[in-house]
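Here subunit A shows up in two complexes: once beside subunit B, once beside subunit C.
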Partner chain A sequence: MKKLLTIGLKDLRVAFRDRAALIMLVAPFVLTLAMGFVTGSFSQGGSGLERIPIAVVNQDMGDLGAALTSWLQDESMRDLLEVTLLDDPAQARREVEDGRHSGALIVPEEFTEDVILNPDASDGNGGASLEFFTNPGEPIRANIVKSMIDRFIGQVEIGVVSSQIAVSGLVQSRLIQPQDVLTVGREIGERLVTQAGDLSLITISLGDIEADEPDFNPLAILAPSMAMLFLMYTVTSVGGRSILAEREEGTLSRMLTTPTGTAQVLGGKVLGIVLIGVVQVAILITASSLLFQLDWGDPLAVIILIVAAVIGATGWGIVLAAFASTPGQVSNIGTAMMLTFGLLGGSFFGGVGFEGLLGMLSKVTPNAWAQEGFLTLAQGGAMADVYEPIAGLLLMGGVLFAVAVVIFRRRGLNRS
Partner chain B sequence: MTNIIETQALTKRFNGAAEPAVNEVSFAVREGEIFSLLGPNGAGKTTTISMLSCLLRPTSGDAKVAGASVTNAPHQVKEVIGVVPQEIALYPKLSARENLYFWGRLYGMSGGRMKERVEEVLEIVGLKDRAKDRVETYSGGMQRRINIGVGLLHRPKLVYMDEPTVGIDPQSRRNILDTVLALNEQGMTVLYTTHYMEEAQELSDRIGIIDHGEMIALGTLPELTQLVGEQDIVELGITEEHSRPELIKALSAVEGVREVKAANGNVRLIANDGNAALPDLITIANAQGARISDISVQEPNLEAVFLHLTGRALRD
Partner chain C sequence: MKKIINIAWKDIKNRFTSISEILFYLVLPVFFIFMLGGGFEKFGSDQELPRLAVVDEDQSTLSIELVTTLMNSQVVEVETLSLAGAVSALVDEQIDAYLQIPTGFGGQLLAGESTELELRALEDMQDARAAEQEALTIVETLSRSLLAAHVSTTERELLAPFSSEIEREAYFDNSLSLAQDAFGNLPDRVEMTVPDQSEALDYREATAAQANAGQLVTWVFIPLLGTSVVLTDERTMGTLRRLLTTPTSKSTFLLGTFVGQLVPAWVQMALLIGFGGLVMGVYWGGSMVGLFVLLLAFSLASVAFGTLMGTVVKTSGQANNLSIMSGMAMALLGGCWWPSELFPDVLLTANKVLPTTWVMDGLNGLMLQGFGLMEVLPLAGVLLVFAVVFFLIGVWRFRFE
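Entry: the complex of A and B
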């Protein structure tokens, strides 16, 4: 065990003195830091997103514009939006250009009329439309507001379609006459519009941010994704590569001329990779906790999950080293593996994975298991809630180590 | 004197190779001596050392190091040997002292014993002043010296040095050769491989000449030079275009000349008395129209032995 630790700590020390490896160690943190600035998490104490300032110009003569404006100013939105009501669309646009607002929503005069009487907005002949001007420098904030408005519009469209079906049904059942369709339709439409403006029907949902969970930080999704993405690179291109590099540089042979067994040397190398991986993820977690007040959840569960994630990922690194012949091969395949696993495991989509066959395939990636676990813990889950991802990752690591040992035994650790 | 190494028909055949890299090599190294394996590149020296270090498993045959078999008791063998590999097997990002501590731990050392020994080794290799510097900042010669130092850390009874002077400046080479002699004076047995005849001549108590994986001669320097008798090597600098078969035939006919061979812009001859044969050799060369650019006469040495045994020069 002493020799394992000696080899593992040596690898950690060498990694900290290697500029390229050091960059990889801090890369996920730097990237998350950048995302923190973009999403406003850095400047905020406690909650995730900073309030997004938007200007709203409601020119609508009907009820729908008022309902939308009222909804945006509702108490439940106060943690997310800072709404300024203006009268002049030109002024609203200017203020967005000046950077005073992240976006400006212009509700046109005939908005309610168009939604109810001419709902087919996609036919190119008019229809209802909202104008939303955004600040190109703040794309994420603009997208958040846009998707909230889309949600509102979605509810309205449901109301409109419902009214059309209802009117059509009334005509077919001859409960109303065709000449009364316009009047009845308007009446039903206005009622549904009012209901659409009813907050009980609308839940604010942007990805995983919900109105009733305003304190959830989007970095809790982004940071583990970045961590797993770069962890895969580290365990393959830094860790797995180091076995091949030691073989090429003769230090592996030299280790084997000392009274140190092959299993001890391999175990030490694996420990080194695990230590480097743990340090990388720990840097990200510690720094994001301190700088962004990001709550990763139950500390003990987080630590165990980190170790499990690194072991799962290291398994892939060792298997790669066992199959490859040169450090260059490990680097190339390692990069491809990082990208493939990142896509398959959902690291590029904020931890959102695939469903169906791809979803099943994603379970071969440590990314999918670990992100699921981190998200569960960040949402307040306990240790018992992450037993499955932890077990999945440990099993993955165990199986892959066994495969690597078989290959190393067959081909020789020193490949001579 | 007891033997610290005994090999019996040691053989290594690599997968797919037509010929074995080492073929039934048997020799013994006595405790306390410097034994050199001399041979050209690719002769099988490093493969032999690798089998004696338990890095390679022999295809057949066996070797005993300090009484332990390299095939059956590799751990025991590794306890008594120190290995200085041909390549610089160090961590460039670590300092010399950090490297020594790392390797010392792998040799099972710790605590005050290791601290004391690391400082001693730094003294032996003359790098105490630079001990804190990273190895990557060292010259090639300094790296070679630390590379040797690692092999000495645990005071091995037997140290293998595989071509430790390759690619370094004359001053560093001198330093390394002096270190080898000093270690041997302290009682350490040294198995030294080289393709430099001069090093083998200067250092060795006994020399084994190896070529194409076979031990072709073994003995002390006088015993080996006896193989070619009291013969000299005469080298004539004659360009290849002038080294025609007629010239070689004419030179071979000179009295006292035993062998003639043309290679790399030289005509090399073995003669009973080089100085006596020289006037006739020059006359014949002139008569054949061959311009001589250089002449040297060497007394019997390992080069002559190798030439005599293989028909090739060591560096061919």
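Entry: the complex of A and C
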């Protein structure tokens, strides 16, 4: 046991003395910081999807254009939109092209008339549309703003169609005269607007996790994603590589001339990789907790999950070292493995992985299991909620380690 | 000239000695472009639909109509289950979501009262979100028709009460049918337009194009930063010192090294652009000259930055790791992984110091905003300034030993 510890601690010291390895040990922290900036976690203004700048040109002669303009400028929309009112459609389009606005909403002159008096456009004359002139370089913003405008129009259309159907029924029942259609229709429409702010009879209560966790910090997903991405690099390119480097540099032969068995050497190397991995993830967790007040969840469960994640990842590092012939091969394949596992496990999408076949395939990566566990804990889960990812990671580490031992036995730890 | 070619050829041969280099040069970039650039959506049309269970506890005419409409959806696969069955199926992930229609649903709606349905979905699953969205859309469609029918019936009742409940129901049903027709015929009232010179790509095409461009930049940028590894390798192995004994100048050596890095990068970019265009259907813009100029300037800025890094680090291990880390960070902050329109304003100003920002702005402009050569030139100009500055500092700091 003492020999195992000595070898393991030596590897840990070497890793932290090597400036090259140090770069990769701090890499997840750097990338998490970058992701924090990208998602707006560190800035007052939030992400780029808040206060989207749009220009509005209202040329409508009726009330609808004014109502739409007023709704877009409403207090409830302040966080979403930054509206600039303009008079000239050409100027609005120009300003979008210059990048001053993400889009320009142009309300045509006859908009109210067409929407109210000819809602179904079945005669081909009622198709007056709002023009939303967009910056094609910002498709996401454009889509969001269009959804908001669609929502407003949808509400208006409910009122219009309801009034129209009601009036039509009253005329057919001979309860009103055709010349009263407009007046009665307007009265019904006004009554609808005053009766209900949101014209919907059926609402849906969603079992949505975000709704229950309004203060959830996106870094709680991003940081584990980056931790797992670079942990894979550490266990393969730093850890797995060190076994072959010792062989190539002759230190492994020297070690085996001492009364130290192959199993002890291999065990010590594995312990070293686990220690390096645990320290790397611990640095990220401690730093993000202190600097960004990031709550990772139940401390004991977090520690156990870290150890399990490192063991699962280390399994891959050892298997790679068992199969590879040179340290260079371990580095190259290790980097490829880190990137592929990162992609499959969802590290590049902020921890959200694939579904279906790819989702099943992602279960071979420690990234997917560990991120699931870290997310559960960050959302307030307890130890019992992360038994499955912990068991999955430990099983992965155990199986891979057994495979590596078999290969090392067959091929010899110190083969040339 | 011959010396430059010899040095470059030697570097290219060294780089591609190992087959694993092909992995980073082509296999992984193509894999990432396929996965992140919408390859599965493009080629996976026979994927399974999201699964939605409906728990109809009401069994009224209206609830049956809602279930039937859901069953006809082309977007989700719907089955009816009991509440216990749905909960168990959701826990076992056999379904993505379930919608519970409570007892009294039909009666409340006929009376014009609002009612609430419950929808439970798997957390953080795209299919669950898709099932949820489809359920919301269908319920909203039914809801607005019901509201119109209710308004119509109420208005009729205000002027002349119905003689019987049967007459009332008939009036309601007729109004509902008229409302469904009317809502079905509504024109799209919002027309999205783009500048004349731009290609009108839909949302998916536009975001897929951005993802393709981002991956192209990332996979070319990081190896070009690896110029630092070549320089440190030569220095630490003593081959640079040996060069001093030959009539080879510092500029000849550096030029040879640059060419040895740039030529494979240009070939790689051409291959990835070809893959994007031919396989993924990416529209790279109307100006191939603009694309060429932009990527040429970007590759020069990248190789110059790699040279600068090579003068800062001491070992090839440091150079390699710094290339990967800084390359990934600069790709992320420059908008290669996530569209920069999602970035906060402060970052959109700060990231102007990165070459990745300028090349992504140029590529987005070419693909989505109809940029031509003239619009690309200022961006390429900035990249060339980066190249000159990095190169001058790199040469100034460069030491053979």
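Methods note: the second predicted complex is superposed on the first by the 239 of 416 C-alpha atoms of A that agree within 3 Å, B and C clash if a C-alpha of one lies under 4 Å from a C-alpha of the other, contacts with A are read in each partner's own complex, and residues count from 1 in each chain.
One rule holds in what follows: a residue touches a chain if its C-beta (ideal position, glycine included) is under 8 Å from a C-beta of that chain, and two chains touch if they have at least 3 such contacts.
In this text, all values refer to a predicted model and were calculated from it rather than measured experimentally.
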item	value
First, second, both or neither for A:Arg410, with subunit B first and subunit C second	neither
Partner chain in contact with A:Asp18 - subunit B first, subunit C second, else both or neither	both
Partner, of subunit C and subunit B, that touches more residues belonging to subunit A	C
Which superposed partner A:Leu339 touches (first subunit B, second subunit C, both, neither)	second
Partner chain in contact with A:Thr6 - subunit B first, subunit C second, else both or neither	first
First (subunit B), second (subunit C), both or neither touched by A:Arg254	first
Which of subunit B and subunit C A:Val30 touches, first, second, both or neither	second
On subunit A, the residue positions that both subunit B and subunit C contact, one per complex	18
Of subunit B, residues touching subunit A in the complex	50, 53-56, 75, 78-79, 81, 83, 85, 87-91, 93-94, 98, 102-103, 105-108, 134, 150
Subunit B partner contacts - residues on subunit A that touch it in the complex	2-3, 6-7, 10, 13-14, 17-18, 249-251, 253-261, 414, 416
Sites on subunit C touched by subunit A in the complex	18, 20-21, 23-24, 28, 31-32, 35-36, 40, 47-48, 99, 109, 112-121, 123-127, 132, 135-136, 139-140, 142-144, 146-152, 155-156, 159-160, 171, 174-175, 178-179, 182-183, 185-195, 198-201, 203, 206-207, 210, 314-315, 317-318, 320-322, 324-325, 328-329, 332-333, 337-348, 350, 364-365, 368-370
Subunit C-touching residues of subunit A, taken from the complex the two chains share	18-21, 23-24, 27, 30-31, 34-35, 37-40, 43, 45-49, 93, 96-97, 102, 115, 119-122, 126-143, 146, 149-150, 153-154, 157-158, 161-166, 168-170, 173, 175-176, 188, 192, 199-209, 233, 328-329, 331-333, 335-336, 339-340, 343, 348, 352, 355-356, 358, 375
